[in-house]
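Chain naming follows the written order as A, B, C and D, and within any one chain the residues start at number 1.
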Amino acid sequence: MTAQEFFKHDLFATNNGIELIEIREGYGKARLEIKKEHLNAGNRTQGGAIFTLADLALAAAANSHGQLAFSLSSHITFVRGSGVGDTLYAEATERYIGRTTGCYQVDITNQDGELIATFESSVFRKEQLVPFTLDHKENLCSQSK
Amino acid sequence: MTAQEFFKHDLFATNNGIELIEIREGYGKARLEIKKEHLNAGNRTQGGAIFTLADLALAAAANSHGQLAFSLSSHITFVRGSGVGDTLYAEATERYIGRTTGCYQVDITNQDGELIATFESSVFRKEQLVPFTLDHKENLCSQSK
Amino acid sequence: MTAQEFFKHDLFATNNGIELIEIREGYGKARLEIKKEHLNAGNRTQGGAIFTLADLALAAAANSHGQLAFSLSSHITFVRGSGVGDTLYAEATERYIGRTTGCYQVDITNQDGELIATFESSVFRKEQLVPFTLDHKENLCSQSK
Amino acid sequence: MTAQEFFKHDLFATNNGIELIEIREGYGKARLEIKKEHLNAGNRTQGGAIFTLADLALAAAANSHGQLAFSLSSHITFVRGSGVGDTLYAEATERYIGRTTGCYQVDITNQDGELIATFESSVFRKEQLVPFTLDHKENLCSQSK
């Protein structure tokens, strides 16, 4: 199974329109086009949609080394609003990786490259292996910004 | 418009099955029955689903005083897994409220009262008013745990 | 060695006037009287002094089970200012404890019981044991508020 | 008053050996040589010392525009230990600045450039002005790494 196939099984992300567009060692990138269904009661993108976008990019980066990783805690800071018609990107980079823990930074930007939110996560790495293999520098989608 | 009607317009939460079940001054409670569509690629509840559940409870509590509030930053810590068949509850309580900022604690528990995640959020309060009125101790749903 | 003796070796906390006043399983409480030397350039208690106070209470609670624990990440929210003449207390309670991780909530209050800051921390638990023993419900100081 | 003079009045930072070594618009850098007095009971640098170092760099960056700013919440993740003999640096960069809020990223590294901790903070900007002036690209100390 490729990484792309594996992460399509993230039904919450997939059903909400979030796509993984790039994964390589220590890196993940995901995309979400904001539609009416991603809005909160104030007609802006719901924080949970942005969090989920960031979380998929994080999961890709954190699991990219072949060892199963899961998030212990995440911190998100919202800096700019977004809404219908915007396309959001989440880019996860690895700040630290140890035997049992890792630390990732995820920037969420819009189609103009403006920062929408920042996200930081600590993960726990299990000994269990992930059920996918990573092509060398797997670029899942040529539409990557 | 009642608070319940207002928060039904949170389409991201509503379309993902999240219901606001209680709102009163400084307090909000929301519920989510975990189904297949809330899972991540590892067959556990996606962190974004839990975040969204917490975020709706937070939004209810933070907007309950009639002044529009939005989240500046949120911190979530995942302590126990959950999956299909679990019912998760998020309960938001107010730790502090000032003229322009507020601080909220949200506990996410399962049907057995076990802690699944903790969530903490800082909000910014605008002068703008919310477009709903709050019945005194509005209890939106008798199914509240 | 008692827990009190052990934590006196936290020289950064001790030299800055922070005292551990209570420790029992899953719980720690520390105190700091704010003096001129704890202020920032704006004449209010420096955030780092409050963080250190919280961190000592956390360390007490997290190590109280006899297994060495260290903090992976901490989140602090400042809600009220404080200054010279105030006495701050940090009370750490355990929200979750597992085999390798734990989650703690620390409330920082002043002499009037007003919330000054909230602090939340995820810890990693090692197999190594702590070099102190805990009396049953060790109450280190009768001046505990 | 120069920025350097102003931040020397941060007595908690100054008395604990923390120096501000650079400040310019949206940027601050501070340094701390770890000595015995910065250690915790486990003989590693106390988290509060690292937090205080990061907080001074943050304060410099956040106040660099001339408008008074104070921290609403901060999140710190510890990734590597450090101890006596290490020199730690905190570098604060601005991720976002708006009329009333700002978001800063602070990286804490050691003398070898290894990441020790990451720190992220949301600040609130008041209308009040800071009591110092900033030389264009003020470089406070030629010893800056």
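We adopt the following convention: contacts are C-beta pairs under 8 Å (C-beta built on N, C-alpha and C of every residue); 3 or more make two chains touch, one makes a residue touch a chain.
Since the model is a prediction, treat every value here as computed from it, not as a measurement.
Which listed pair repeats A-D comes down to matching contact pairs by residue number; over half match for B-C among B-C, A-B or A-C.
A comparison of the B-C and B-D interfaces places the larger number of contacting C-beta pairs at B-C. Chain geometry summary: the mean Cα position of chain B and that of chain D are 34 Å apart.
Distance between chain centres (mean CA atoms), chain C to chain D: 22 Å. We define each chain's centre as the mean of its Cα atoms; on that basis chain B and chain C are separated by 29 Å.
Annotation for chain C: residues touching 2 or more other chains are 72-73, 75, 77, 101, 122.
On the chain C side of its complex with chain B, the touching residues are 75, 77, 79-80, 95-96, 98, 101, 103, 105, 115, 118, 120, 122. Those residues of chain D lying in contact with chain B across their complex are 72-73, 75, 100-101, 122, 124.
Chain contact summary for the complex, chain C toward chain D: residues 6-13, 15-16, 36-42, 45-49, 51-53, 55-56, 59, 68, 70-78.
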